[in-house]
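Shared chain: chain A. Partners: chain B in the first complex, chain C in the second.
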Partner chain A sequence: MKKAIILLGCPESPSQTPLAIYATQKLTGIGYQVTVASTPSAKKLLEVSDPKEHYVQNKTDIESCLDGLEEGDYDFLLGFVAKDAAVSYFVTFYHILNTQSLALVFHRDQEKLEHFENAVRESTQADITSARAYHNPTPLRVRLDRALDKLIDPEPNKQDKKDNVDEPEKNPKLDEQEDS
Partner chain B sequence: MKKAIILLGCPESPSQTPLAIYATQKLTGIGYQVTVASTPSAKKLLEVSDPKEHYVQNKTDIESCLDGLEEGDYDFLLGFVAKDAAVSYFVTFYHILNTQSLALVFHRDQEKLEHFENAVRESTQADITSARAYHNPTPLRVRLDRALDKLIDPEPNKQDKKDNVDEPEKNPKLDEQEDS
Partner chain C sequence: MFCLETYLRESEDYEIHMTRSGFKDCARFIENNAPEVVHVKPGEKIVGARIIGVPPVPIGINDEKGTIMLPYTKPCYGSATVEIPVPVEEREKIRAVGID
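Let's turn to the complex of A and B:
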C-alpha cells in the first residue's frame, strides 16, 4: 500500500484542521495509508476534531518523525504551509523523502501567500497549490481536490475538461483566478 | 429522543470547528440528537472537517433556524461564544427555547473572555464555562467535558474535585434535570 504523509504546522488558520482531515480522507479514499505529522497543538486539534479516529488513524509528532525519517518511507508528501516554520518543515521533508510532493500554501493575507509560495519554489521542485483561506475553506478545498485528482490521473486532459477552471498547468501555479 | 442544538458563529479561532465536532460527538454519546446551527463559513468548515458526516449529521443555517424556532424545539442549548454576534445569537436562542443552556465562552484574549462572559451573564441565567483558547483546545475541552458530564450526573461533588482547576461555578443551572 502506498504511504502518504501530511505535515501540519501550528494552526493559525481555522481552516487548517478541517482541511487536514479532508485531505486525509481524500488520500485514504484513493488508496494511501496516511500519517499526519504535526506540532503538538495541531495534534490536539486533530484529536478533538476526530475523537473516534474515523478519519485520521496515524498521528505523529513532526519532530520525532523527522528524526527517524528516510527516503522511501513515504510515497507522497503533502505539506500545509501557512507559516515560515511550515516552509522549513516542508523543505526538509521534501529533500529527505525525495518523492512526489505537494505544498498546500494558504494564508488570509495575499502578500504572505506569495512569500510562502516563493519560499517553497526557491527550495524545492514540489508542486504548489495555494489560495487565500481563513474562515472559508472552499477555495483551498477546491485547489486541493484538483491537485489530488492528478495523483489518480496524472494526465487530465481528455474528458477532464468539465471541472477545469484553471486546469492545464502541471506545475507551480495552480491558480491565477477565481475565489476569495 | 432528547434534542440538543449547538450554535456556531463565525470561526475566528482554530479551536471552534474541532470543538464543535467534539461536543456533537459527546452529546450524541449521551443520547441527544444534535443539530448544529451555524453561519455559512462555520458550516463549510464543518463539512470539510467531517466529509463523511460521521459526527455531525444535522446542520442548519443559524438565521433560518432562528426564523422557525419555538420553545420546546430543543432540550439543550450549547452556544459557542467567541464574538459579540455569538453572544447575541446565544441570548436570542436562550430566550426563545427557554431550556437548559450552556455558553461555552472562549477567546485568546483574557479581556475579551471576560467581556463575553459578562455579556452572557447579564442577559441570561445560562450556565457559562470558559477558557482561553486558540491553538490549544485542551483547556476548553476539559471545561466542556466537565459541564457536559453534569448533564449525565447533575450532582458531581464527591471525587470530582481532582481535575478542578478553577472550578467554583457561578450559576448552577446546568443541572436540575437529568437526561431521561
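Let's turn to the complex of A and C:
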C-alpha cells in the first residue's frame, strides 16, 4: 500500500484541522495509508475532532517524525503551509523524502500568501495549490480536490480537458474576502 | 554525542540573536555576522538535530569563540538564530557536510 504523510503547521488557522481530516479521508479513499505529522496542539485538535479515529488513524509528532525521516518512507507528501515556519518544514520534508509532493498554501493576507507560494516554488519542484483562507475552509477544499484529482489522473482524457477549458484557474467567488 | 535539543534545554550557555523571525532574516543574519559560513542541505543532521530551512541553509562557524550559529525553527514560533559553543569535532563535521 502506498504511504502518504500530511504535514500540519501551527494550528492557528481554523481551516487546518477540518481540512486535515478531509484530506486524510480523500487520500485514504484513493488507496494511501495516511500518517499525520503535527505539533502536540494540532494533534489534540485532531483527537477531539475525530475521537474514534474514523478518519485519522496514524498521528505522529512532527519533531520525532523529522528526526527519523528517510527517503522512501512515504510516497506522497501533503504539507499545510500557512506560516514562514511551515514553508521551512515543508521544504525540509520535501528534500528528505524526495517524492511527489503538494503544498497547500493558505493565508488570510494576499501578500503573505504570494510570499509563501513563491518561497515553496523557489525551493522545490512540488505542486502548489493555494487560496486566501482563514475561517472558511471551502476555497482550500475545492483546490485540494482539484489537486488530488490530478494526483489520481495526471492526464485526464481530451473530453475532460475540453470540459475544463472554460474554468478559470482562480475562481473569483472563492477569492472574495471572507467574513471574520 | 552533542545534542542540540538537550543542550538548549539543559544549558544557559547560548546566545539568541534573533527570535520569532522569518527564515530568510535568520539566514541573512548568519551570512552577515559569522566569520565563516558553511551551507548545508535542509534535513542535514547538525549537532544531533535535523536542520530545518530553505536551501542552502547557512551555518556560521567561529573557531575563535568555539561556537556555531544556526537557524532554529519551531512550527508556532518561527525561526530563531542561535549561537552555541560546540566541540571542534562538531565544527569539522559541519564542514564535512557543506555543499559549497
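One rule holds in what follows: the second predicted complex is superposed on the first by the 158 of 180 C-alpha atoms of A that agree within 3 Å, B and C clash if a C-alpha of one lies under 4 Å from a C-alpha of the other, contacts with A are read in each partner's own complex, and residues count from 1 in each chain.
As a working rule, contacts are C-beta pairs under 8 Å (C-beta built on N, C-alpha and C of every residue); 3 or more make two chains touch, one makes a residue touch a chain.
Predicted model only: the values in this text are computed from it and were never measured.
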item	value
Chain B or chain C, by number of chain A residues touched	B
Chain B versus chain C as contact partner of A:65, first or second or both or neither	neither
First (chain B), second (chain C), both or neither touched by A:52	first
Touched partner set for A:126, first chain B, second chain C, both or neither	neither
First (chain B), second (chain C), both or neither touched by A:85	second
Which of chain B and chain C A:95 touches, first, second, both or neither	second
Contacts of A:12 with chain B and chain C, given as first, second, both or neither	both
Chain A positions touched by chain B in one structure and by chain C in the second	10, 12, 41
Chain A-touching residues of chain C, taken from the complex the two chains share	22-23, 41-43, 49-55, 73-79
List of chain A residues in touch with chain C within their complex	9-10, 12, 39, 41, 62, 66-67, 69, 83-89, 91-93, 95-96, 119, 122-123
Contact set on chain B toward chain A in their complex	10-19, 21-22, 25-26, 41, 44-46, 48-52, 54-55, 135-138, 141
